[in-house]
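Mind looking over this structure? Questions follow.
Order of writing sets the chain letters: A, B and C. Residues in each chain are counted from 1.
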């Protein structure tokens, strides 16, 4: 049984829980609004909950893949730390967007920064490693 | 060449095929409706096919990541079995939603249960392992 | 530190950069159109940018997972090569769709072909391996 990268795995599962909580918020906003599936529009709070959820879904592939590549090819604990930053950014984004879409900036910047560190960190490390030898 | 986790890999690819089939159903519903891209609305069957596809896409990160973390950190065959349950739940959900959106509940519950077992199983196993020693 | 599969990792990160560029195009189209979040419709160029982004998001799980399973269970360099083909197909698709949605076909076919090679290649290799022995 693999026992490596458990901190990365833990942060990954916490991120998925935060993401799942956003799915639940969409369901609750839908129930409150009285709008039936498949409609997704017609109530401001439902539309905001949907956008919070979908913006997070849009960034999940960037975040999760960069997180693991950074952890595997460079540094496990830096990756896990950046993962915590990403989750905090995402929760701030969600809370601010539900209150007022115009205030979604700071949380979004925090999650973007965490993604950028993970993606460009992993990219730089892998290019450096390929350029300096090894197979 | 890695020969571990082939059952998990097989179930993963079957899940992607089920997911791809939903993408094809959207294309077919679009062709039948005569609605041209980029429009996604205006025909009930197209809207249902889109919602089936997107709801599945929304859960794919939770499912795929939890499936692999459960398989790698705990038990390969339980993970693969839960993966089969997830696929069945998703196909039931798709068939029911296309017939009548109000009947989408049971398939959705089955896929949610499979996701919950995989996510909380992996989470519990990793927390237990970190709490009881090892690096 | 794992030093395997660096070409696959490199192609993965390039694909995520191409995907991130599509997210940026949506933001730019939104700014140009003057349409405020959470609205996603009302301007043809914004709607096209959103569709380019979302169609790519829809295929990312199929592409990324099949890419890695092909690389791990079969052949690293073929996987990385198909990954490059996928990125080229996606960029052609984006450019054509923004110019005229009716011209999105060729880029879409290229990316579909790359996905099919990766998915069915990995599936065939894993089924063959399970059928001919080993655990």
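Following the convention adopted for this analysis, a contact is a pair of C-beta atoms (placed from the backbone, for glycine too) under 8 Å apart; a residue touches a chain by one contact, two chains touch by 3 or more.
Note that the structure is predicted; figures quoted are calculated from it, not measured.
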item: Fitted rotation between chain A and its twin chain B in degrees, CA, nearest 5; value: 120
item: Interface residue overlap between copies chain A and chain C, same or different (over half shared); value: different
item: Length of the line joining the C-alpha centres of chain A and chain C, rounded to whole Å; value: 19
item: Junction residues of chain C - those touching two or more other chains; value: 57, 61
item: Interfacial residue positions of chain B with respect to chain C in the complex; value: 1-3, 6-7, 9-10, 12-13, 16-17, 19-20, 23, 36-39, 53, 57, 60-61, 64
item: Residue ranges of chain C touching chain B (in the complex, touch as defined); value: 44, 47-48, 50-51, 57-58, 61-62, 65-66, 69, 72-74, 101, 104, 119, 122-123, 126-127, 129-130, 134-135
